[in-house]
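Chain lettering (A, B, C and D) follows the sequence in which the chains are written, and residue indices restart at 1 in each chain.
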């Protein structure tokens, strides 16, 4: 089962700048060979369900290890059985319908 | 690693009433012995990370099997390393601070 | 336009305990006469779109005034034109379909 | 009060392809002169709180008018009082910290 996920992870009890933590998550996703894109409110990831979810768990563990005592994550998860669809397919499909 | 999760799963390409699908997910959580509470905008679940996440995956598979070709889920995930906290702890802690 | 909203507001740059801030938001909702229910991962609210959204804005302003330099909120918003539905209707509808 | 918002709007009771509805929302944001970026799991928007929220309301109304009897939206909302920050600032700040 493939998934397109939108990950927004917020560490609590840390300095106000979240970018070092977000960068640490991006590094982790890159090390795992996942396809992902950073945007202003989160990171979109596509891949096999188990690989994506293992990465989300590893991200929580890594951010706790970096000193955050508490983490609040929001994760969107899209699956479909009717056809394959990549993150790029979605963006191009919308762009083609703009007036 | 314990997690408190907020699950909101929306099947697409199905009849407009979502309650049969939400009920199917609740049944699945109950069969797995997870602690959960239904509320108006989703279902809160607490447990070990892997057990909760396995249930979310099984929920997607079950809802696809029930005929939904597409599923859009939103999941909130809270973890903390400073102390244990249950869903009830959270609610009582807020109630105690109301004016 | 009526809306059923799920509000999860997280202040950053504050002490780790979020309950004083959540309690302050609940007080604000109560003062405005809104119908709402606290649960473990957020607060569900029902009402007219503008009233609910004004309350969300006022909540951000109040939490900033209480000392949080940064706030990260997640809000789910359900609207429908086919029929009226309350938060209780939703919960009862699911309960009736459990096996 | 400035806000950085992440909008993910899902119409229910419509054909499975969501891109026509997402495109209609992008058109609406463009007509209003808002700064926004489409990504695979939603649309990020920055601007004054009231302008962004008016656009979200107008988006619900437009999608209902296009035939969707039910809409499920997830909206993330970031506000901060310590300093100004644009969507681009956020992305560049993370990129600078990648290893």
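Following the convention adopted for this analysis, a residue touches a chain if its C-beta (ideal position, glycine included) is under 8 Å from a C-beta of that chain, and two chains touch if they have at least 3 such contacts.
This one's a predicted model, so the numbers in the text were calculated from it and none came from an experiment.
Looking at A-C and B-C side by side, the one with more C-beta contacts is B-C. By residue number, over half of the contacts seen at A-D repeat in one listed pair from B-C, B-D or C-D, namely B-C.
The geometric centre of subunit A is 19 Å away from that of subunit B, both derived from CA atoms. One simple way to say how far apart two chains are is to compare their mean CA positions; for subunit A and subunit C this gives 25 Å. Put simply, the C-alpha centre of subunit B and that of subunit C have 18 angstrom between them.
The multi-chain contact residues of subunit A, meaning those touching 2 or more other chains, are 13, 16, 69-70, 72, 74, 76, 78, 82.
Residue ranges of subunit A in contact with subunit D, taken from their complex: 4-6, 8, 16-17, 19-20, 22-23, 26-27, 37-42, 44, 46, 74, 76, 78, 82, 87-88, 90-91, 93-99. Residues 10, 12-13, 16, 18, 69-70, 72, 74 of subunit C touch subunit A in their complex. Residues of subunit A touching subunit B in their complex: 1, 13, 49-50, 53, 56-57, 60-61, 64, 69-82.
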